[in-house]
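Have a look at these structures, which come just after this line.
In the two complexes that follow, subunit A is the common piece, with subunit B as its partner first and subunit C second.
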Partner chain A sequence: MAVKILQKKDLPCLLGKWSQSARVLAPARQDEMTNLAPWEPGAELDLGRNTWKPLKELFFPRSERMFAYTGDRMNAELSPIDQDHEQTVVFGVRPCDARSLALLDRVFLDERFTDDLYKAKRERTVLVGLGCNKPLRSCFCTSVAGDPHGTEGLDVLFVDTGDEYAVYPLTGRGEALVGELPEGSGEVEARASALADLARDMMPRYPAEVLPDKLTHMFEHEIWDRIHEKCLGCAACAYLCPTCHCFDVTDEAKTTEGHRVRNWDSCMFPLFTLHTSGHNPRTSGKQRMRQRIMHKFNYFPVNSGAIACVGCGRCVEVCPVNTDIREVISEIGEVK
Partner chain B sequence: MEELRRVIREMLAGGKVDLVIAYAKGSLPLRSTPVFIRNAEDAECAVFDATCENNLSTYLPRYAGKRLAVVAKGCDARSVQEYLRERQLDPGNVVVIGVPCQGVIGRDRLSRRLSGKEITGAEMDGDTVRVRGDGWEETLQLFEVLHPSCETCEVKEAPGAAIKLGEAAAAQVAEPFALVDDMERLTPDERWAYFTAQFEKCIRCYACRQACPGCYCKECFVDRSAPRWVGGTDDPSDTAIFHIIRALHLAGRCVDCGACVKACPMGVDLRALNKKLERDVRELFGFTAGLEHEGKQVLSTFRADDPNDFIK
Partner chain C sequence: MSNLYIPHKARIKEIITETAANDVKTFRVVFEDESVWDSFQYRPGQFAELSVFGVGEAPISITSSPTQKGYLEFSIKKAGEVTTALHYSAPGELIGVRGPYGNHFPVEIMEGKHLVFIAGGIGLAPLRSLITYVLDDEHRGKFRDVTIIYGARSPGDLVFKWELEKWEKREDIRFYLTVDRGDETWTGREGFVPAVLMEVGPSPENTIAITCGPPIMIKFVLQNLEKLGFSPSQIVTTLEMRMKCGVGKCGRCNIGPRYVCKDGPVFTYEQLRQMPQEY
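On to the complex of A and B.
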């Protein structure tokens, strides 16, 4: 589809138009953090950085009721939870986060076991991206098959070209949002593509592509003794990670009625693998750290065809002890 | 710095200890990272400055039976004293290397001061912090961006340190319990609104608990599944219970190192609650945690002549 053009000053007008038929979310600064917030006329956007919280939360909330039940175990009645059906447009999604959804789709939209709760939210949400012209200090998307102007997972891509945005409709749903914008010239397109090249060149590179094969033979490697040592065993990295998607299922019940709930969970916790018998197959921090790295850079590539990291750098920023996944990638890359 | 490295080198070369837990330069501007040094020649990576925010004592109980040394600020050394009091460490196996602390940088405070601008480079020079980013540069004084725990720190010298490197500088710059006074001036509703706002930010990643030297239970009450004391949902009462009980478990034990606040990825700050408990324990029992390691833990003692009837 041909590139469109939008003068920057006309952005609120366009968001206003979208908000007539959908809930519009856009990044805004609130309580010293930039996160998605409901957009309303006059709202100030913060498009200078990615959101602190990852996009997954919109589709895979931290805690979600799956269904309700009444009765006892012999005679239970199940009822679905009322879902929010509001059409949603998210503006300002960074290509790394959009890609994280494309990866989560491989898990939750697998046709053998489709997750209806996730699917419903995906279907009612349109993602409007904003290309990254300048990587932040912990960005490394190009090392994990991403791109600062990447389009995977997006319905529309905006590129900031100065006084205007180059707007690329990518899907039918995207076309419906921006179809009426005027067509952009070849010059606009050239400017956008030069900006993409510049951003790619600025991005540091780490040898992540060698990890999937290499790790296959490294389960017992001594490197794990070192990598995990400073890890405190919290889940800041996993919970702020746009692709970590493990959850625990529990019942929240009062006598004869309750809900089945799923909550985020993390392989960094010993409880994650604790069996009912009391046995725990992963008792040490070393085993748990190995699991997290293996899942992202070996198991997910083998099972789902891609590295489960989009290089957003959130884990680098939030780790309380500065465990830096980029250093981990380099260290494993250097193993002979 | 040279002296610190020399001490570490000599300890390892002389076979006095098996492992030194220290700080090394981190991968982001103004960040340090814990490092585990086992060979004398690796001592060169050790650093100490106002970026060394982690409380390294948290790692000590992991190495039972090993002869350990730990680089410790005043607050970190107080944690070691509490570990010893609570019989979590063998006093013969731990050497505290006290470092001269002027307080550490509060990253949240620095970020606020810079209106959230991204720092891409920085240098420290004594009390001066020079930071820069995309098209800007600023020079700040350390006291402007101190972590709130450091502002009210009463114990800059590391208690129980076998080795002291230089004099700890900078006296406290704020009243230790000003935060509690401020809280107590609020109405109960206002206070509850404040704490509720903190709980609401929590995502239950347990970074606070994992970073806290006082949180070393083999099984945390929130992780217990039979019986299950607290749910894992985002129900506000579940989150509140976690934080309130954690604070109560730390009454008379918390040394206000601020590790919980520094570790939190969501900006949850419950120091007001910890400080209130700290002051209550001081006023009621005349006890301050971490100053030495002799004697019982204050809330585990019982006196037959206790003035309160309810306790008899």
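On to the complex of A and C.
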């Protein structure tokens, strides 16, 4: 589909048009953090950096009711939770976060066991991306098969070219949002493309592509004795990771009614794998750090054909003891 | 909207106390809605997620066989919250069942072969599904000699005693029952399961060994089977692991890249040897 063009000053008008038939979410500054917020006319956007919280929360909430029940030990009624069917447009999605959904789809939308809770939210949501012209210091998407102007998982991609946006409709749903915009010139496209090259060049490269094969033979490697040493096991990395998808399932009940609920969980917690018998296959921080790295760079590639890291850098920014996944990638890459 | 996580309603019809300490019970349950059977076609070795509403959900192996129509059986040790709640339930109460999940014993590969079952304690529960299937009139002819070695710590810890008596009487199986230590009324064999396995000394030729029990028993059974000449591909076992969703999403039951809920719980020893020792 041909590139379109939108003058920057006309963006509020376009968002306003979308908001007539859908809920529009866009990055905004709140409590000194940038996060997605409902957009309304006059709202100020914050498009300077990616959101603090990952996009997965829209589709796989931190805490989510799976179904409701009422009754007692003899009789019970089970009912699905009413899903909010409101059409949603998310504006300003960064290519790394869009890719994270393409990866999560491989888990939640697998053909044999489709997760209907996730699927309903995916189907009602259109993703409008914003290419990254100025990667942050923690960004490394190009090392994990991503791209600052990547389109995987997006319905539309916007690229900031100065006074205007180059707008690329990518899917039918995207075309429906931006189809009426005027077509852009080859000159606009060339400018967008140059900005992409510049952004790519700004990011250092780490040898992540060698990890899937290499790690297959490294389960017992001595490197795991070191990497975990300063880790506190707080799991902030997992909670902010756009591809981490582990969850716990629990019942929240009063006497005759309640819900089954899933909550984000993490392999960094020692109780995560504790058997009822008291046996625990992963008792040490070493084993848990190994699990986290192996899952992202070996197990997920084996099962789903891609590294489960999109290079967003959130874990690098949030880690209280400065564990830097890029250094881990480099260290493993250097192992002979 | 359909929902993967909403269980089928099922009612407890019968509860059998298995052990003297009253810590293992077998629950026979039936679906409230009979049409559920259309989507609940299971095979020996698979498991289900059982719900006690308000308490939670736990993965439990199906101990009945698909040859037993109209009901499911689960033999459950009282251990955590859900299993304790089940132990305090009575016939007539409602529970939730979703599944069947996981892979199954390689029944087709076992056809035409001798089978040696080696079980310890409640480890007999998942094997019983396959044993019942193999011993069923419709299937018995497809398999060669059947040997069962079963043991527990004490006579009071043996499960399915009501069924063991039937197995002892059958002429088409070799059945060896043992306890680690007998009591004053015990007139049977005493000795550890791995030692009894060596006494029985099954030939590995055209044979598959299926084993389940406590980790220490498994360890020595595997060693002894290798001494008897069994290759790792001839040895089949079934694993348990902390598990929540049962469908490969919640991320906690993996051993290396393999998920016990989807790729298992049944693995050959050959497969296990290729997986990291983290279970």
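General remarks:
Here, the second predicted complex is superposed on the first by the 332 of 336 C-alpha atoms of A that agree within 3 Å, B and C clash if a C-alpha of one lies under 4 Å from a C-alpha of the other, contacts with A are read in each partner's own complex, and residues count from 1 in each chain.
The definition used in the following text is that a contact is a pair of C-beta atoms (placed from the backbone, for glycine too) under 8 Å apart; a residue touches a chain by one contact, two chains touch by 3 or more.
Predicted model only: the values in this text are computed from it and were never measured.
When both complexes are superposed on subunit A, subunit B and subunit C fit side by side without a clash. When the two structures are aligned on the shared chain, A:317 is found in touch with subunit B, with no touch to subunit C.
Once chain A of one complex is fitted onto chain A of the other, the partner contacts of A:69 are limited to subunit C, with no touch recorded for subunit B. Of the two partner chains, subunit C is the only one that A:78 touches; subunit B does not reach it. Looking at the shared chain after the overlay, A:151 reaches neither subunit B nor subunit C. Touch criterion met: A:269 reaches subunit B, while subunit C stays clear of it. Here the vertex is the CA centre of subunit A, and the angle it makes with the centres of subunit B and subunit C is 90 degrees, a multiple of 10.
Contacts of A:248 after superposition: both subunit B and subunit C are touched.
Looking at the shared chain after the overlay, A:299 reaches subunit C, while subunit B stays out of its contact range.
Contact with subunit C, but none with subunit B, is seen for A:114 once the two complexes are overlaid on the shared chain.
Of all Cα pairs spanning subunit B and subunit C in the superposition, the closest are 7 Å apart. In the superposition on chain A, subunit A positions 248, 250, 274 are in contact with subunit B in one complex as well as with subunit C in the other.
Residue ranges on subunit A touching subunit B, taken from their complex, read 29, 31-34, 49, 61-63, 134, 136-138, 229-230, 232-236, 238-240, 248, 250, 252, 261, 263-264, 266, 269-271, 274, 316-318, 320-324, 326-327.
Residues 66-67, 69, 71, 73-76, 78, 80, 83, 107-108, 110, 112-117, 120, 219, 245-251, 253, 258, 260, 262, 265, 267, 272-277, 279, 281-282, 287, 291, 294-295, 298-299, 302-303 of subunit A touch subunit C in their complex. If you check the complex, the residues on subunit C that touch subunit A are 1-7, 9, 51, 53-57, 79-80, 83, 89, 92-94, 96, 215, 240-242, 244-245, 247-252, 254-257, 262, 276, 278-279. On the side of subunit B, the complex with subunit A involves touching residues 26-29, 31-36, 54, 58-59, 108, 111-112, 116, 118-120, 134, 201, 203-207, 209-211, 223, 225, 231-235, 259, 262-263, 265, 267.
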